[in-house]
(Lines give C-alpha, C1' and ligand atoms only; values in the text may rest on other atoms or scores of the structure.)
Protein backbone atom coordinates (compact mmCIF):
# COMPACT_ATOMS: atom_id res chain seq x y z
CA UNK A 1 0.00 0.00 0.00
CA UNK A 2 2.61 2.56 -0.98
CA UNK A 3 1.88 6.26 -1.23
CA UNK A 4 3.83 8.31 -3.75
CA UNK A 5 3.78 12.10 -4.08
CA UNK A 6 5.34 13.50 -7.25
CA UNK A 7 5.93 17.25 -7.34
CA UNK A 8 6.73 18.94 -10.64
CA UNK A 9 6.62 22.50 -11.89
CA UNK A 10 3.35 23.48 -13.57
CA UNK A 11 4.57 23.72 -17.13
CA UNK A 12 2.01 21.88 -19.20
CA UNK A 13 2.16 18.19 -18.30
CA UNK A 14 -0.69 16.53 -20.20
CA UNK A 15 -3.28 14.11 -18.80
CA UNK A 16 -1.59 11.39 -20.83
CA UNK A 17 1.83 12.13 -19.36
CA UNK A 18 0.34 12.08 -15.86
CA UNK A 19 -1.24 8.69 -16.62
CA UNK A 20 2.17 7.38 -17.67
CA UNK A 21 3.73 8.64 -14.42
CA UNK A 22 0.98 6.98 -12.38
CA UNK A 23 1.30 3.70 -14.25
CA UNK A 24 5.10 3.74 -14.24
CA UNK A 25 5.56 4.37 -10.56
CA UNK A 26 2.91 1.79 -9.68
CA UNK A 27 4.73 -0.79 -11.83
CA UNK A 28 8.06 0.14 -10.24
CA UNK A 29 6.81 -0.48 -6.70
CA UNK A 30 5.28 -3.81 -7.74
CA UNK A 31 8.49 -4.88 -9.51
CA UNK A 32 11.01 -3.82 -6.86
CA UNK A 33 9.08 -4.49 -3.65
CA UNK A 34 6.21 -6.72 -4.70
CA UNK A 35 3.70 -4.09 -3.60
CA UNK A 36 0.01 -4.58 -4.38
CA UNK A 37 -0.90 -2.40 -7.37
CA UNK A 38 -4.53 -2.06 -6.22
CA UNK A 39 -3.60 -0.16 -3.07
CA UNK A 40 -0.84 1.99 -4.54
CA UNK A 41 -1.69 5.69 -4.41
CA UNK A 42 0.02 8.33 -6.51
CA UNK A 43 -0.59 12.08 -6.18
CA UNK A 44 0.95 14.58 -8.59
CA UNK A 45 1.28 18.19 -7.44
CA UNK A 46 1.95 20.81 -10.09
CA UNK A 47 3.64 23.84 -8.57
CA UNK A 48 3.68 27.36 -10.03
CA UNK A 49 7.21 28.36 -11.13
CA UNK A 50 7.05 31.41 -8.80
CA UNK A 51 6.59 29.01 -5.90
CA UNK A 52 9.52 26.66 -6.59
CA UNK A 53 13.05 27.67 -5.74
CA UNK A 54 16.39 26.08 -6.45
CA UNK A 55 19.79 27.56 -5.65
CA UNK A 56 18.11 30.51 -3.94
CA UNK A 57 16.16 31.63 -7.03
CA UNK A 58 12.65 30.92 -8.24
CA UNK A 59 12.23 28.74 -11.33
CA UNK A 60 10.54 31.75 -12.96
CA UNK A 61 13.83 33.66 -12.63
CA UNK A 62 15.91 30.69 -13.80
CA UNK A 63 13.72 30.15 -16.88
CA UNK A 64 14.12 33.83 -17.77
CA UNK A 65 17.91 33.72 -17.88
CA UNK B 1 0.29 20.96 18.55
CA UNK B 2 -0.62 18.34 15.95
CA UNK B 3 -0.50 19.00 12.24
CA UNK B 4 -2.94 17.14 10.01
CA UNK B 5 -2.95 17.12 6.22
CA UNK B 6 -6.06 15.70 4.57
CA UNK B 7 -5.86 15.03 0.85
CA UNK B 8 -9.04 14.39 -1.12
CA UNK B 9 -9.96 14.48 -4.77
CA UNK B 10 -11.34 17.82 -5.96
CA UNK B 11 -14.93 16.83 -6.49
CA UNK B 12 -17.00 19.55 -4.90
CA UNK B 13 -16.45 19.43 -1.13
CA UNK B 14 -18.30 22.44 0.29
CA UNK B 15 -16.95 25.01 2.78
CA UNK B 16 -19.32 23.51 5.34
CA UNK B 17 -17.99 19.98 4.80
CA UNK B 18 -14.43 21.26 5.15
CA UNK B 19 -15.38 22.99 8.41
CA UNK B 20 -16.76 19.68 9.68
CA UNK B 21 -13.52 17.89 8.74
CA UNK B 22 -11.45 20.56 10.54
CA UNK B 23 -13.63 20.43 13.64
CA UNK B 24 -13.86 16.63 13.67
CA UNK B 25 -10.15 15.94 13.37
CA UNK B 26 -9.34 18.60 15.98
CA UNK B 27 -11.81 16.98 18.39
CA UNK B 28 -10.36 13.53 17.67
CA UNK B 29 -6.83 14.59 18.59
CA UNK B 30 -8.04 16.27 21.77
CA UNK B 31 -10.10 13.19 22.76
CA UNK B 32 -7.52 10.50 21.98
CA UNK B 33 -4.26 12.24 22.89
CA UNK B 34 -5.33 15.24 24.97
CA UNK B 35 -3.85 17.62 22.39
CA UNK B 36 -4.46 21.35 22.72
CA UNK B 37 -7.16 22.36 20.27
CA UNK B 38 -5.77 25.91 19.95
CA UNK B 39 -2.54 24.74 18.36
CA UNK B 40 -3.99 22.01 16.15
CA UNK B 41 -3.48 22.76 12.46
CA UNK B 42 -5.45 21.10 9.67
CA UNK B 43 -4.74 21.60 5.97
CA UNK B 44 -7.02 20.15 3.30
CA UNK B 45 -5.58 19.65 -0.19
CA UNK B 46 -8.03 19.08 -3.03
CA UNK B 47 -6.36 17.22 -5.87
CA UNK B 48 -7.50 17.17 -9.50
CA UNK B 49 -8.73 13.71 -10.54
CA UNK B 50 -6.15 13.64 -13.37
CA UNK B 51 -3.44 13.99 -10.72
CA UNK B 52 -4.52 11.17 -8.39
CA UNK B 53 -3.80 7.56 -9.26
CA UNK B 54 -4.84 4.32 -7.65
CA UNK B 55 -4.14 0.84 -8.99
CA UNK B 56 -2.09 2.33 -11.82
CA UNK B 57 -4.93 4.43 -13.24
CA UNK B 58 -5.98 8.03 -12.71
CA UNK B 59 -9.21 8.69 -10.83
CA UNK B 60 -10.48 10.40 -14.00
CA UNK B 61 -10.17 7.05 -15.81
CA UNK B 62 -11.72 5.12 -12.91
CA UNK B 63 -14.70 7.50 -12.67
CA UNK B 64 -15.30 7.05 -16.42
CA UNK B 65 -15.65 3.28 -16.24
CA UNK C 1 -9.68 7.39 -1.44
CA UNK C 2 -8.53 10.04 0.98
CA UNK C 3 -5.00 10.23 2.30
CA UNK C 4 -4.45 11.65 5.77
CA UNK C 5 -1.11 12.45 7.36
CA UNK C 6 -1.17 13.13 11.10
CA UNK C 7 1.97 14.59 12.63
CA UNK C 8 2.40 14.59 16.39
CA UNK C 9 5.35 14.97 18.74
CA UNK C 10 6.96 11.67 19.77
CA UNK C 11 5.85 11.60 23.37
CA UNK C 12 4.59 8.10 23.98
CA UNK C 13 1.40 7.62 21.94
CA UNK C 14 0.43 3.94 22.36
CA UNK C 15 -0.49 1.48 19.60
CA UNK C 16 -4.05 1.61 20.90
CA UNK C 17 -4.21 5.41 20.70
CA UNK C 18 -2.87 5.26 17.15
CA UNK C 19 -5.56 2.71 16.26
CA UNK C 20 -8.20 5.09 17.61
CA UNK C 21 -6.79 7.94 15.49
CA UNK C 22 -6.82 5.74 12.38
CA UNK C 23 -10.36 4.55 13.02
CA UNK C 24 -11.65 8.00 13.98
CA UNK C 25 -10.31 9.86 10.99
CA UNK C 26 -11.50 7.11 8.63
CA UNK C 27 -15.00 7.34 10.13
CA UNK C 28 -14.93 11.13 9.85
CA UNK C 29 -14.18 11.08 6.12
CA UNK C 30 -16.90 8.48 5.52
CA UNK C 31 -19.44 10.49 7.56
CA UNK C 32 -18.71 13.96 6.16
CA UNK C 33 -17.83 13.17 2.53
CA UNK C 34 -19.10 9.63 2.01
CA UNK C 35 -15.56 8.43 1.29
CA UNK C 36 -14.91 4.69 0.92
CA UNK C 37 -13.37 3.40 4.14
CA UNK C 38 -11.51 0.61 2.31
CA UNK C 39 -9.34 3.03 0.37
CA UNK C 40 -8.73 5.57 3.13
CA UNK C 41 -5.05 5.78 4.08
CA UNK C 42 -3.80 7.27 7.32
CA UNK C 43 -0.12 7.78 8.16
CA UNK C 44 0.99 8.96 11.59
CA UNK C 45 4.43 10.57 11.88
CA UNK C 46 5.90 10.92 15.35
CA UNK C 47 8.43 13.76 15.46
CA UNK C 48 11.23 14.19 18.02
CA UNK C 49 10.63 17.25 20.23
CA UNK C 50 14.02 18.68 19.14
CA UNK C 51 12.72 18.65 15.56
CA UNK C 52 9.41 20.45 16.11
CA UNK C 53 9.32 24.20 16.58
CA UNK C 54 6.52 26.57 17.49
CA UNK C 55 6.87 30.29 18.14
CA UNK C 56 10.54 30.13 17.19
CA UNK C 57 11.46 27.58 19.89
CA UNK C 58 11.75 23.80 19.85
CA UNK C 59 9.17 21.81 21.79
CA UNK C 60 12.06 20.48 23.89
CA UNK C 61 12.73 24.05 25.07
CA UNK C 62 9.02 24.76 25.61
CA UNK C 63 8.51 21.59 27.66
CA UNK C 64 11.49 22.59 29.86
CA UNK C 65 10.02 25.94 30.83
CA UNK D 1 20.55 19.00 -0.68
CA UNK D 2 17.80 20.14 1.67
CA UNK D 3 14.17 20.22 0.70
CA UNK D 4 11.92 22.83 2.29
CA UNK D 5 8.15 23.06 1.98
CA UNK D 6 6.58 26.31 3.18
CA UNK D 7 2.82 26.36 3.52
CA UNK D 8 1.01 29.66 3.93
CA UNK D 9 -2.56 30.81 3.49
CA UNK D 10 -3.37 32.17 0.03
CA UNK D 11 -3.74 35.82 0.90
CA UNK D 12 -1.81 37.71 -1.71
CA UNK D 13 1.90 36.93 -1.25
CA UNK D 14 3.68 38.60 -4.17
CA UNK D 15 6.30 37.04 -6.47
CA UNK D 16 8.88 39.29 -4.81
CA UNK D 17 7.94 38.10 -1.31
CA UNK D 18 8.16 34.49 -2.48
CA UNK D 19 11.62 35.18 -3.92
CA UNK D 20 12.69 36.57 -0.55
CA UNK D 21 11.40 33.45 1.22
CA UNK D 22 13.29 31.20 -1.24
CA UNK D 23 16.49 33.19 -0.88
CA UNK D 24 16.21 33.51 2.90
CA UNK D 25 15.62 29.86 3.64
CA UNK D 26 18.39 28.83 1.23
CA UNK D 27 20.81 31.20 3.01
CA UNK D 28 19.70 29.88 6.40
CA UNK D 29 20.48 26.26 5.51
CA UNK D 30 23.86 27.25 4.09
CA UNK D 31 24.70 29.32 7.19
CA UNK D 32 23.55 26.88 9.86
CA UNK D 33 24.40 23.52 8.29
CA UNK D 34 26.79 24.38 5.46
CA UNK D 35 24.34 22.98 2.90
CA UNK D 36 25.03 23.47 -0.80
CA UNK D 37 22.85 26.30 -2.09
CA UNK D 38 22.76 24.83 -5.62
CA UNK D 39 20.86 21.74 -4.52
CA UNK D 40 18.52 23.38 -2.03
CA UNK D 41 14.89 23.08 -3.09
CA UNK D 42 12.08 25.25 -1.73
CA UNK D 43 8.41 24.76 -2.55
CA UNK D 44 5.76 27.23 -1.38
CA UNK D 45 2.16 26.02 -1.17
CA UNK D 46 -0.54 28.65 -0.90
CA UNK D 47 -3.65 27.21 0.74
CA UNK D 48 -7.19 28.57 0.44
CA UNK D 49 -8.44 29.95 3.79
CA UNK D 50 -11.42 27.54 3.66
CA UNK D 51 -8.92 24.67 3.60
CA UNK D 52 -6.78 25.68 6.59
CA UNK D 53 -8.00 25.10 10.11
CA UNK D 54 -6.63 26.15 13.47
CA UNK D 55 -8.31 25.62 16.83
CA UNK D 56 -11.12 23.69 15.14
CA UNK D 57 -12.17 26.56 12.86
CA UNK D 58 -11.26 27.48 9.31
CA UNK D 59 -9.13 30.57 8.74
CA UNK D 60 -12.07 31.98 6.73
CA UNK D 61 -14.16 31.89 9.91
CA UNK D 62 -11.35 33.31 12.05
CA UNK D 63 -10.74 36.20 9.65
CA UNK D 64 -14.47 37.04 9.74
CA UNK D 65 -14.58 37.46 13.50
CA UNK E 1 13.76 19.40 -10.89
CA UNK E 2 11.08 17.02 -9.69
CA UNK E 3 10.69 15.99 -6.07
CA UNK E 4 9.32 12.55 -5.30
CA UNK E 5 8.35 11.23 -1.88
CA UNK E 6 7.75 7.48 -1.67
CA UNK E 7 6.15 6.20 1.52
CA UNK E 8 6.18 2.48 2.27
CA UNK E 9 5.68 0.40 5.40
CA UNK E 10 8.89 -0.39 7.27
CA UNK E 11 9.11 -4.07 6.49
CA UNK E 12 12.71 -4.68 5.50
CA UNK E 13 13.34 -2.92 2.18
CA UNK E 14 17.06 -3.33 1.48
CA UNK E 15 19.51 -0.60 0.48
CA UNK E 16 19.63 -2.22 -2.97
CA UNK E 17 15.84 -2.12 -3.36
CA UNK E 18 15.84 1.53 -2.33
CA UNK E 19 18.55 2.25 -4.93
CA UNK E 20 16.35 0.61 -7.58
CA UNK E 21 13.38 2.76 -6.54
CA UNK E 22 15.50 5.92 -6.71
CA UNK E 23 16.93 5.00 -10.11
CA UNK E 24 13.59 3.84 -11.51
CA UNK E 25 11.60 6.91 -10.56
CA UNK E 26 14.37 9.23 -11.79
CA UNK E 27 14.37 7.41 -15.14
CA UNK E 28 10.58 7.59 -15.33
CA UNK E 29 10.51 11.37 -14.91
CA UNK E 30 13.26 11.80 -17.51
CA UNK E 31 11.45 9.50 -19.97
CA UNK E 32 7.91 10.87 -19.58
CA UNK E 33 8.57 14.58 -18.98
CA UNK E 34 12.17 15.10 -20.09
CA UNK E 35 13.15 16.15 -16.56
CA UNK E 36 16.82 16.66 -15.72
CA UNK E 37 18.08 13.61 -13.83
CA UNK E 38 20.71 15.67 -11.97
CA UNK E 39 18.12 17.74 -10.12
CA UNK E 40 15.61 14.97 -9.43
CA UNK E 41 15.19 14.34 -5.69
CA UNK E 42 13.68 11.17 -4.26
CA UNK E 43 12.97 10.65 -0.55
CA UNK E 44 11.79 7.30 0.78
CA UNK E 45 9.97 7.27 4.13
CA UNK E 46 9.60 3.93 5.88
CA UNK E 47 6.62 3.97 8.23
CA UNK E 48 6.07 1.66 11.22
CA UNK E 49 3.10 -0.67 10.63
CA UNK E 50 1.43 0.65 13.82
CA UNK E 51 1.47 4.10 12.22
CA UNK E 52 -0.11 3.23 8.87
CA UNK E 53 -3.84 2.66 8.58
CA UNK E 54 -5.99 1.44 5.75
CA UNK E 55 -9.73 0.74 5.92
CA UNK E 56 -9.80 2.00 9.51
CA UNK E 57 -7.27 -0.54 10.81
CA UNK E 58 -3.51 -0.38 11.33
CA UNK E 59 -1.32 -2.47 9.05
CA UNK E 60 -0.12 -4.29 12.19
CA UNK E 61 -3.71 -5.49 12.73
CA UNK E 62 -4.18 -6.38 9.06
CA UNK E 63 -0.94 -8.38 8.94
CA UNK E 64 -2.08 -10.34 12.03
CA UNK E 65 -5.34 -11.54 10.46
CA UNK F 1 0.13 30.53 10.86
CA UNK F 2 2.69 29.15 8.45
CA UNK F 3 3.79 25.54 8.45
CA UNK F 4 7.33 24.74 7.35
CA UNK F 5 8.78 21.29 6.77
CA UNK F 6 12.57 21.12 6.42
CA UNK F 7 14.01 17.84 5.18
CA UNK F 8 17.73 17.19 5.51
CA UNK F 9 19.90 14.10 5.41
CA UNK F 10 20.55 12.51 8.81
CA UNK F 11 24.20 13.41 9.19
CA UNK F 12 24.56 14.73 12.70
CA UNK F 13 22.69 18.04 12.92
CA UNK F 14 22.85 19.08 16.59
CA UNK F 15 19.96 20.24 18.78
CA UNK F 16 21.49 23.71 18.69
CA UNK F 17 21.62 23.77 14.89
CA UNK F 18 17.99 22.66 14.76
CA UNK F 19 17.07 25.46 17.16
CA UNK F 20 18.77 27.94 14.86
CA UNK F 21 16.83 26.59 11.86
CA UNK F 22 13.54 26.86 13.78
CA UNK F 23 14.30 30.40 14.94
CA UNK F 24 15.63 31.53 11.57
CA UNK F 25 12.71 30.33 9.48
CA UNK F 26 10.21 31.73 12.00
CA UNK F 27 11.94 35.13 11.81
CA UNK F 28 11.99 34.97 8.01
CA UNK F 29 8.23 34.44 7.76
CA UNK F 30 7.60 37.27 10.23
CA UNK F 31 9.94 39.62 8.36
CA UNK F 32 8.80 38.89 4.79
CA UNK F 33 5.09 38.26 5.27
CA UNK F 34 4.32 39.66 8.72
CA UNK F 35 3.29 36.21 9.95
CA UNK F 36 2.56 35.68 13.64
CA UNK F 37 5.56 33.98 15.23
CA UNK F 38 3.37 32.31 17.89
CA UNK F 39 1.52 30.19 15.36
CA UNK F 40 4.45 29.34 13.09
CA UNK F 41 5.18 25.61 13.04
CA UNK F 42 8.46 24.12 11.87
CA UNK F 43 9.10 20.39 11.51
CA UNK F 44 12.55 19.04 10.66
CA UNK F 45 12.76 15.55 9.15
CA UNK F 46 16.16 13.86 9.13
CA UNK F 47 16.34 11.25 6.37
CA UNK F 48 18.75 8.29 6.24
CA UNK F 49 21.25 8.68 3.38
CA UNK F 50 20.09 5.33 1.92
CA UNK F 51 16.61 6.84 1.60
CA UNK F 52 17.51 10.06 -0.21
CA UNK F 53 18.31 10.04 -3.91
CA UNK F 54 19.60 12.70 -6.23
CA UNK F 55 20.55 12.21 -9.87
CA UNK F 56 19.38 8.61 -9.72
CA UNK F 57 21.76 7.61 -6.92
CA UNK F 58 21.39 7.43 -3.16
CA UNK F 59 23.29 9.94 -1.05
CA UNK F 60 25.09 6.95 0.52
CA UNK F 61 26.53 6.13 -2.93
CA UNK F 62 27.37 9.78 -3.66
CA UNK F 63 29.17 10.24 -0.32
CA UNK F 64 31.25 7.12 -1.07
CA UNK F 65 32.61 8.43 -4.37
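Letters A, B, C, D, E and F mark the chains as written, and numbering starts fresh at 1 in each.
Here is the rule we go by: a residue touches a chain if its C-beta (ideal position, glycine included) is under 8 Å from a C-beta of that chain, and two chains touch if they have at least 3 such contacts.
Source: prediction; values computed, not measured.
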{"item": "Chain copies touching (chain E, chain F) - same or different residues, decided at half shared", "value": "different"}
{"item": "Between D-F and A-C, the pair joined by more C-beta contacts", "value": "D-F"}
{"item": "Distance between the centres, which are taken as Cα means, of chain D and chain B, whole angstrom", "value": "20"}
{"item": "Centre-of-Cα separation between chain E and chain A, whole angstrom", "value": "13"}
{"item": "Shared-contact residues (touching 2 or more other chains) in chain C", "value": "1, 3, 7, 21, 25, 39, 41, 43, 52, 54"}
{"item": "Category of the chain touch graph - line, ring, star, complete, other", "value": "other"}
{"item": "Touching pairs - complete list by chain label", "value": "A-B, A-C, A-D, A-E, B-C, B-D, B-F, C-E, C-F, D-E, D-F, E-F"}
{"item": "Contacting residues of chain F [partner chain E, same complex]", "value": "7, 47, 50-58, 60-61"}
{"item": "Sites on chain F touched by chain D in the complex", "value": "1-9, 13, 17, 20-21, 24-25, 28-29, 31-33, 35, 39, 52, 54, 59"}
{"item": "Touching residues on chain D, where the partner in the complex is chain A", "value": "15, 18-19, 21-23, 25-27, 37-46"}
{"item": "Complex contacts: residues of chain B adjacent to chain F", "value": "1, 3, 39, 41, 43"}
